[in-house]
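Next come two complexes, and both contain chain A; in the first it sits with chain B, in the second with chain C.
Here is the complex of A and B:
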């Protein structure tokens, strides 16, 4: 187990390095650079040259990459090219915001998805099952900005229960923060529930036709007990990986929701950096996102092994 | 979001007195409170409160260094923290700010400016001529400043005394004070370099700077301008989404917003909590530009066919929901007193376009549009295509990426979309775009007669004569150059009803981005 985790961490670090190279190459292929993006229409050849020289952009790309990499290996992600702000200092509060929103949405979505998924499996083909599926599919079929605007219209315009702006700062008290982030969290719940719900239901059902489940029924156990005690642990692995995928999505894929609710997360920071070709910021955001993916996937594998004795003792 | 990238600098050169402004507001296109009712009437100003602004026009990469300002949000916090050298008054005239007064000799190459006395920076330092010289030189020589081109005629800046500086120009310019009103030209102490901790003379000092999220400032309590700066503090929030912005205003989460969405402004006007202020025809100039030296557009008949073949009103009604004014193929705003009223408008005339097109030998037209040029460019291009079709002219419309649009498409493509912001003076407006040698001559139109008129008007001190010269210059552009400027945008601001003192301004929206020092709570 420890060996597995260690090898995962090693592979993860290699992946991060590869990601950083890919991002750097991609930013070099994009048209324009930070000087031409900031100066925009008002650029002249002289101001562009002065800007590039000031930022050291007149050095070869390979040199810039390795200077950056050397900094990162010393724990220094550098400063933004556009405004000279320390990237870690700016990124950290935004990452906390992103994780807070993702965590909140996960708290709402996970019990809902897994609970109703299991319930659907127990009552396969009956009204609860049908209803849960229809509602979840409806929710996922609506684009997230539409869900967001609907929630704003109903819960913050027609009834002023929640704020439409989710702008929070470091000094926002916890209660207020929860209140401000509720609408975006509910919007995200709409988005991710269906996938996890259907995966739970279908994985459980697919183990229902196995011999040991039949044996459990023959012992005279109730359907609910068979599903939760015998089918579910064996169905856990695919469910957990889908959950991990959705959790990762909650962290990295929420830029539209951030925009609708004006939430200061990492997504908008990265989009702004890409627009302005601020390479060190793009790299930092990309690495954070990649790290989230790798961590969640590793956690998913480990949890699946812990939950399922057969995977713990491979033959 | 990239719509207003830079050069929001609007025209001035607008010379008219307050009474003119009030009595002929409609004719001038400065409609104040036209949509919002009588809510913003004057009361006696009073102190107190936190002004909460919700704005588009900024990003997480914004900096405090004025040399990099390019959009509304930085301009706004710039004017909270710093002062400019020259301010543009509500009637469009240059008014002394940190440069109190000035004089020049005939020819307008030698200038003397007096530095205002008794002004202190937030750090406690007293303002003197060295600070002004340093702040000007930030934009001169080897610099990344976007204002470099604007001030390129300055050949020398020197200190004449503790409170006096001299500026020498390589070519005369009667409008120098207007150039110095540019939003990049803000004043910092001599030798200042620590932009993360800005030191200005503005009404508000920086408390917290989170670009892309919010900017907090606090009243210093001893601002030098009388009757200004009423709020205890200002919270500027970045709200890039137009729907979120108007929503925040209606629900009272912010007190003022910029760039209301023309599509929904009608609903907003129905809210009892909100006033809408429309400033007509001082916003961005939306245009398509053809290169006069490209084979398809070398014939002036071809260019005129393009000008008569566009249905301007239809684009304005469809794309801008009526919140724009018809442009007449120059970048001079129809609201400017120097606007050439006597140049016949190029109204949509398919028959005329068709015959001009045949005369030109039916060249192939291909237009490149992008939302990176300005928002609505694609829709405008498609409507243009439809209008030309009625004249039997084929226009191929190609949509290109907004990424790198200004470096890869504009100034290079034979026919493409562009916007031009207003400039402080008619001279700048014309000479940066249409003079033969201009850096940004995006039509490659070169006419020595035009160059001569503009150069002469620059040093002409008789306003009536100047007006005539500018009219002639505009006439030449409209009938010869490769620019199809079909619309000039309106500014749409939204204010909470409790805000007082907000007026439309001939330059920018939100009271020339000085909303924090000009308005107060009832």
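Here is the complex of A and C:
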């Protein structure tokens, strides 16, 4: 089992490495010659060559990639083109903000999704189930900004219950921080809960079509007991990996939500950089998102392996 | 009412109605709109009146007119993108399934890398390189989304490729293109159909989100995501102008999801509920 888990982690690292190569090619090689676009048409070949040498662009791409990668591994993402700030110093507090928002949303979404998912599996086809299904479908269909602005308009503009802008600084006290982040967290919860609810329901229901569940029914057990005692333990592993997958999705869902609430997170930083075409920042945000996403996915696989013995012995 | 020999539930009927309505508006746009696409008819964020049903937008253009023109752009772009995504995804997916060996390995690993991080992050980086235009938007989203279609098409193809009739066609000496088009594709069509609805929804929301972030459909055109972005300033004054295009996006996605949901439930396997009966 240890070997399987280690190989899974190794695969995750390998994927991250491959992603970093693609990101490097996308942002550094494809856009063409930086030197001539910075210096303009009138630059002489000598100044171009000197500028390229200064930026290190005269070295082969492979060498540049490894220099860049070594920097990234040491937490050195370089400086932003637009304002010369050290990227890691800006990025780190923002990453903490993003993870705080995602974690808050997860805390709200998890019990809701798993609870209602199991409930609607118990009452499949009845009113509760259909209601949960319809609400989930509505939630999946709505764009993040619709939910976000609807909440802002009703809860912070028309009734001043919550702040409309989730502006938090490094020294915002915890209570205030939670207060400011509540609306964005609720928006995110609305989105992920629906996915998780449906997947929880479906994985419980798919164990319901197995022979041992039918046997339990034939013994005369009640539906609630069959679901909680017979189906649920076997559906636990898929549910947990669904949860981890959705947490990963949460980290991306923040991009739009952060922009709706002007919350100082990585997503907003990245969008800002794309509008200003600030390549090193885009690169850094891309790598950070990729790392978080791949880590959570790997974690999902590892927990699934730990929880489900059948996955330990692949055919 | 029945469709394809199945009875339509109320929800699916409602979804179908929403879709037909949206398509009709998108097609007949200019004939329905009371004003021109960029015509200024009042002050900024005028409230709704008999002349302007949904009020006006941030610079006094009629919101209703903009919504109608926006339908055309938003739905059209998402549709073209989804077609492109399916064209690429199905052809590469079936190619991987039929040829197997290194072609399959190569394509599958490439798709794994793309899908290992969220498509939105890729889209942001690629759009940064390609710049902002309708063409690069469609190309980027189409290519990124085709990875999901690839996975489905490949899985369906691998299930079919070992069946006898494919074997027969190969022994008969049919070429690769024939086997993909005439033997495998027709048998994979049904699941691909319902996937089309889901992928359209996804692309539609994806493009709306990008437009909302200011990176999607470029400026002179009216599109729903961009209209939300343009009108958000009014929210803090309690003006709902930005919510109308957002609601239009939500409405169409709900409609499609209602139909796809019904479509998927038709051939869903009976679960424990039947065992109980």
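Some points to look at:
In the analysis below, the second predicted complex is superposed on the first by the 254 of 315 C-alpha atoms of A that agree within 3 Å, B and C clash if a C-alpha of one lies under 4 Å from a C-alpha of the other, contacts with A are read in each partner's own complex, and residues count from 1 in each chain.
Here is the rule we use: a residue touches a chain if its C-beta (ideal position, glycine included) is under 8 Å from a C-beta of that chain, and two chains touch if they have at least 3 such contacts.
Predicted, not measured: the structure shown is a model, and the values here were computed from it.
By the document's definition of touching, neither partner reaches A:303: not chain B, not chain C.
Of the two partners chain B and chain C, more residues of chain A are touched by C.
Contacts of A:241 after superposition: neither chain B nor chain C is touched.
Judged by the touch definition given at the top, the superposed model places A:228 against neither chain B nor chain C.
Once the two complexes are overlaid on the shared chain, A:295 sits clear of chain B and of chain C alike. Of the two partner chains placed around the shared chain by superposition, chain B and chain C are both touched by A:149. Of the two partner chains placed by superposition, only chain C is touched by A:125; chain B is not.
Judged by the touch definition given at the top, the superposed model places A:82 against chain B, while chain C stays out of reach.
Contacts of A:209 after superposition on the shared chain: chain C is touched, whereas chain B is not. By the document's definition of touching, of the two partners only chain B reaches A:262; chain C does not. Comparing the two complexes, residues 30-31, 149, 152, 157, 164, 259, 275 of chain A contact chain B in one case and chain C in the other.
Of all residues in chain B, only 1-2, 5-7, 54, 59-65, 68, 70, 142-146, 148-149, 195-196, 210-214, 237-241, 243-244, 247-248, 250-251, 253-254, 401, 403-404, 406-408, 410, 418, 439-440 touch chain A in the complex they form. Within the complex formed with chain C, the residues of chain A that make contact are 15-16, 18-19, 22-23, 26-27, 30-31, 124-125, 134, 137-138, 140-146, 149-150, 152-153, 157-158, 164, 205-206, 208-209, 213-214, 217, 223, 226, 231, 248-249, 252, 255-256, 259, 270-271, 274-275, 277, 279, 282-283, 285-286, 289-290, 293-294, 297. Chain C makes touch with chain A in their complex at residues 11, 112-113, 116-118, 120-121, 124-129, 201, 205, 208-209, 212-215, 225, 228, 232, 235-238, 240, 242-243, 246-247, 249-250, 253-254, 256-258, 261, 269-273, 275-276. For chain A in complex with chain B, the residues that touch the partner chain are 30-32, 35-44, 46-48, 50-51, 54, 80, 82-85, 90, 149, 152, 156-157, 160, 163-165, 167, 169, 259-262, 264, 268-269, 272-273, 275-276, 278, 281.
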